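Chain naming follows the written order as A, B, C and D, and within any one chain the residues start at number 1.
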Amino acid sequence: MLRVGVLGATGYSGHELLRLLLNHSQVSIRKIVSESCKDRAYSFVYRNFTSICDDVCMELNWDSLTDGIDILFSALPYGLLMKHLKSDMLDNIQLIDIGVDYRFLDKHEYEYYYGMEHESPELADRFTYGLSEWNEDQIRKARHIANPGCYATAIELALLPLIKENLISLNIIVDGKCGLSGSGRTLTLGTHFPEANESVKAYKLTTHPHSYEAARGIELFCGKQPSITFTPHIVPMQRGLLITAYAQLKGTANYERIRTAYDKYYEGRPFIQMLKRGIYVETKWVRCSNMCHINFEINERTGMLVVTAAIDNLIKGAAGQAVQNMNIMNGYPQDTGLDLIPACI
Amino acid sequence: MLRVGVLGATGYSGHELLRLLLNHSQVSIRKIVSESCKDRAYSFVYRNFTSICDDVCMELNWDSLTDGIDILFSALPYGLLMKHLKSDMLDNIQLIDIGVDYRFLDKHEYEYYYGMEHESPELADRFTYGLSEWNEDQIRKARHIANPGCYATAIELALLPLIKENLISLNIIVDGKCGLSGSGRTLTLGTHFPEANESVKAYKLTTHPHSYEAARGIELFCGKQPSITFTPHIVPMQRGLLITAYAQLKGTANYERIRTAYDKYYEGRPFIQMLKRGIYVETKWVRCSNMCHINFEINERTGMLVVTAAIDNLIKGAAGQAVQNMNIMNGYPQDTGLDLIPACI
Amino acid sequence: MLRVGVLGATGYSGHELLRLLLNHSQVSIRKIVSESCKDRAYSFVYRNFTSICDDVCMELNWDSLTDGIDILFSALPYGLLMKHLKSDMLDNIQLIDIGVDYRFLDKHEYEYYYGMEHESPELADRFTYGLSEWNEDQIRKARHIANPGCYATAIELALLPLIKENLISLNIIVDGKCGLSGSGRTLTLGTHFPEANESVKAYKLTTHPHSYEAARGIELFCGKQPSITFTPHIVPMQRGLLITAYAQLKGTANYERIRTAYDKYYEGRPFIQMLKRGIYVETKWVRCSNMCHINFEINERTGMLVVTAAIDNLIKGAAGQAVQNMNIMNGYPQDTGLDLIPACI
Amino acid sequence: MLRVGVLGATGYSGHELLRLLLNHSQVSIRKIVSESCKDRAYSFVYRNFTSICDDVCMELNWDSLTDGIDILFSALPYGLLMKHLKSDMLDNIQLIDIGVDYRFLDKHEYEYYYGMEHESPELADRFTYGLSEWNEDQIRKARHIANPGCYATAIELALLPLIKENLISLNIIVDGKCGLSGSGRTLTLGTHFPEANESVKAYKLTTHPHSYEAARGIELFCGKQPSITFTPHIVPMQRGLLITAYAQLKGTANYERIRTAYDKYYEGRPFIQMLKRGIYVETKWVRCSNMCHINFEINERTGMLVVTAAIDNLIKGAAGQAVQNMNIMNGYPQDTGLDLIPACI
């Protein structure tokens, strides 16, 4: 039994982590840490946990954080972990960071995207990028994981086979759509129900950090630097993330070669499903699960490839992939605690 | 391992049954029967089952229906099962009917509510009413279950302790609210997205059959005949059912006596949670689970008791309670396959 | 041309007021006052006003508030107007208060519901209750209006004819449902999209002030004191309010007498429509309009009358009725600027 | 007073037409034609019209269709008008076709997109393409209008100034998002509430006819043939359409030159608003109005221009632009009956 701690437990990713970990046969939850809800029962904050988890949220104490646990999941907002994490804390435990602080850290990019200086860049090398299906060997050996972002996960899963096999141009446009849970639990006017419902918008049209992360991820696994123009959109729903990617086919690439490339990398992968030709990818088919659905078509008139991929932003895009990585790191079957059948209704 | 068949597998209740049964450790699904989708892969009808259940839906053949299975779940629209069910089919198998055909069957009431004559009233006596928490002893001995309706489940769970303990008047008003999945998968103008979204309505203001069922259920368990005025409403969401019940307190009934009555019947019941004083019942806290949440307040100015109860209409109100009943009938722990943590987001 | 000011212009009621007043042929908007958005263009706060109203929001200055205008609409949160309003301000202008501070003011009730002492109770007598259809004669003579609350409007419109004609018992249960705009623009966890969407809840089960207001309104127009048990619910939609009222019929009351009573008071009223027998009231049929739809059924088994009424909470429940009252006060046709065809899609 | 007929009056575009035309000062509605709802009161079909328009829907009789009216709006599904329209009918009346049958008709393309042979291609030349802001001079002289499609309207309005001024490459990617009303009133599984809500999907990834229409529109107004890769998406909301267009800047094009181009064509246009730099386009800001909002950003890292444009698919994308065209054809101010302030809440 792994002794587990969850940091940032009352955010949406933290909530999903607890839902997954409480039903995971190999772990025992020892610490539920939430600065904003300290001293409150978890089931008071999230009443769906009534009688399921009535533990009290602990204050965040960095000094004793790693005591008594084997693995820590961190789901903090950007900028907090990098301020407080110390090298010896990493020595003591496995750490899976759902946050952004150690994902392909580049000091200048970090300042560009997050508007603050990174305070522990020297620790970044100890983190392994946790795109489960593409970095399994490294994850197995790792003790500290930088868990991928939700959009970056979908973009990389959708594009990596094609770039790896040299089938598409590296100038790629990605148009993303995500439900409101992707914006987190912090109150903002943009996420106030009467403002968010019944509307769709593009935001951060050119400055969303996941375009950087996805490009670095592709570079890591393919050795090529793509140019990604990425525009995220907010659509009025709870969960779900869909990306629509556009790229020119290269050389002799055609429908069959594209499909063969996907099959090569994804056949037998329990969490990645290539849909049959002509079946539309929809976020509901993966909702509340760790699944990623992918499909594509070729626009014969313009020669453009259009790929769509859907994940649940909170699960495969956050907590689920984190648990998948924990499973890999600890030698459990990858789908332990993740055999969730999507709840399409 | 119980060998299981599901009849009406492509309706929403059937879909939820499959989601539950596929993750149930004690069953093996042998027959997925759907007349409307026969010969199609289940994962073609519901793409969330891609690679999870690609079995082909079988044609409905009444003659061989019970062959090779131990237990059959029927989730057919009203009027079908009562036309085709035969006594010897019941001899062969356990049957849990999620439909309405054998719930407190009264020939005249059946015609009143469903506009057709019941063709097998003689079989009704073989069915046990499956309100799990209130009829456990009978269910344990039963082989055929009439599984309660969604609204009836919530109404009975909310009112039974109070009527049993003689704390409220028997003239009760129940105002119900349910999401659109409660209307099923059949296409209607009222469930067309642009017609249903962003609107709330009352319907069947005086003729919803669940008021009859709830009254009979209360009579069965308390020996008293309540008068229930029930008005269902459709609210624009997928799942979830909330009832708000109004009744006059009797005699010396007060807050404490009400709470004591609830605790007497529900303490230790894993699927029924009395929320703490002042905490609002919300459907999201039970979504995608077999939970029922209940709370109440007393209007000191009018002496009226107001009880609210929430369930997931497709789970505790249909497929979940059916699995709970299967567990009871077969000696499994009640929560086998039902340890679902509600998905509030 | 009436010179108009709007106080609290950036709340949702203020926003609707501006939408109505800008298309009203008899008014000229002179002051748009918003403390929270002062010095910002109205079209910056609400981008739907881009190029339609780019005026800058003025700071709230109580001393000069009434200068240069003939009529002021106040849409402030409770507790502000009663603190600052002075008798001589009332002398200078017409005032329509969409807020609650002067509606059937009773000092003790005000403290009970709002938790603060009322500071200008002596001004309450100068306000006329603005239920347009029932108080038209008084409104015509009035200069200061306490505009009814949204729930109170629907409850009173639904019940007044029946109580006036002595057709129902005075013990009445009202179950209300309203969209999220009813909760205003202030950020709260309960109105955060991922918390509010896909859920329905009852709240303030016994303490919503509109039950008091509705009872006083009924007393004012009928001379009888009803006992109203009122429970509001939040349903996941933008706008729309539906009430479902339950009362016992009295004496010889029956379907025809009920309908006759409604016709007696509402025939020819442009904003109140009795739907035909059997047609369900739905909030979408009145959305974005000043309409109120009403219908009813009698439960023959329990003798209970069930009345449903729907309004747009922001229009007939706030800004629209305010404009209707302005029209009455100033001798304009009641529907000037209010000929809005509901937007059901 | 123009005597008006509406054909296909009970579809969503027809409904919006009636809402607009009933409040239009220069028209008198003479014929409401609906084959599917013939002999029913319009207010029975759409209860929001109760007491506003209780006229009975007429049967569709092609022989007498043009009798007694000056202008006909047709909102029929594809394939009907082209089957029945005759040259002499066009002689008698003005006709504004909201349908697709005469938009840039090419027989082969029509068969490709709609799977049927066009039966009256010889009439196509009599139709003028009704993109109001770009074809005003021709519309003024026209008697028969092919009203643009919703997506085509947004795409053309967003791209025309840039292509006209030679600022962007002609290889353009357009990612579209539209609410469910865009799918019409016909019942389908994909528009059934529990299937459509809480999900987003791409569909017709490479075969949506509006990409053809937009390309022809651009050719008409700029003399250049763009290559448009267009993917529409359905998002769970009632109304609203957003397009996100991606194109490479050409030569010396930069932020200022782009904005100057937009201003050149759109300054003073009441229905097209360029938002200020940094303000996000959102569908709610144009909801229930004839407005089009546009904004853009340049991705400095990839040199890609990203343009977003939003309209209400039923108004500027259908009924509103039709009324605007009627106004132009008949010498009324363009905004007659269209001074709708968007309903963002």
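A few points about this structure:
Definition applied: contacts are C-beta pairs under 8 Å (C-beta built on N, C-alpha and C of every residue); 3 or more make two chains touch, one makes a residue touch a chain.
Being a predicted model, the structure only gives us computed values, none of them experimental.
Taking the mean of C-alpha positions as each chain's centre, the chain lying farthest from the centre of chain C is A.
A count of C-beta contacts for the chain pairs B-C and C-D puts B-C on top.
If you average the Cα atoms of chain C and of chain D, the two centres end up 36 Å apart.
With centres defined as mean CA coordinates, chain C is found 38 Å away from chain B. In chain B, the residues that touch at least two other chains are 12, 179, 181, 194, 197-198, 236-239, 282, 284, 287, 344-345.
Chain B contributes residues 12, 179-181, 183, 185, 187-189, 191-194, 196-198, 236-238 to its touches with chain D in the complex.
By the touch criterion given at the top, residues 171, 173, 175, 177, 179, 194-195, 197-203, 205-206, 227-229, 231, 233, 235-240, 242, 244, 246, 280-284, 287, 297-302, 304, 306, 308, 344-345 of chain A touch chain D in their complex.
Against chain B, in their complex, chain A makes its touches with residues 12, 15-16, 19, 22-23, 46-52, 181, 198, 238-239, 270, 273, 275, 279, 282, 284-289, 291, 293, 314, 339, 341-345.
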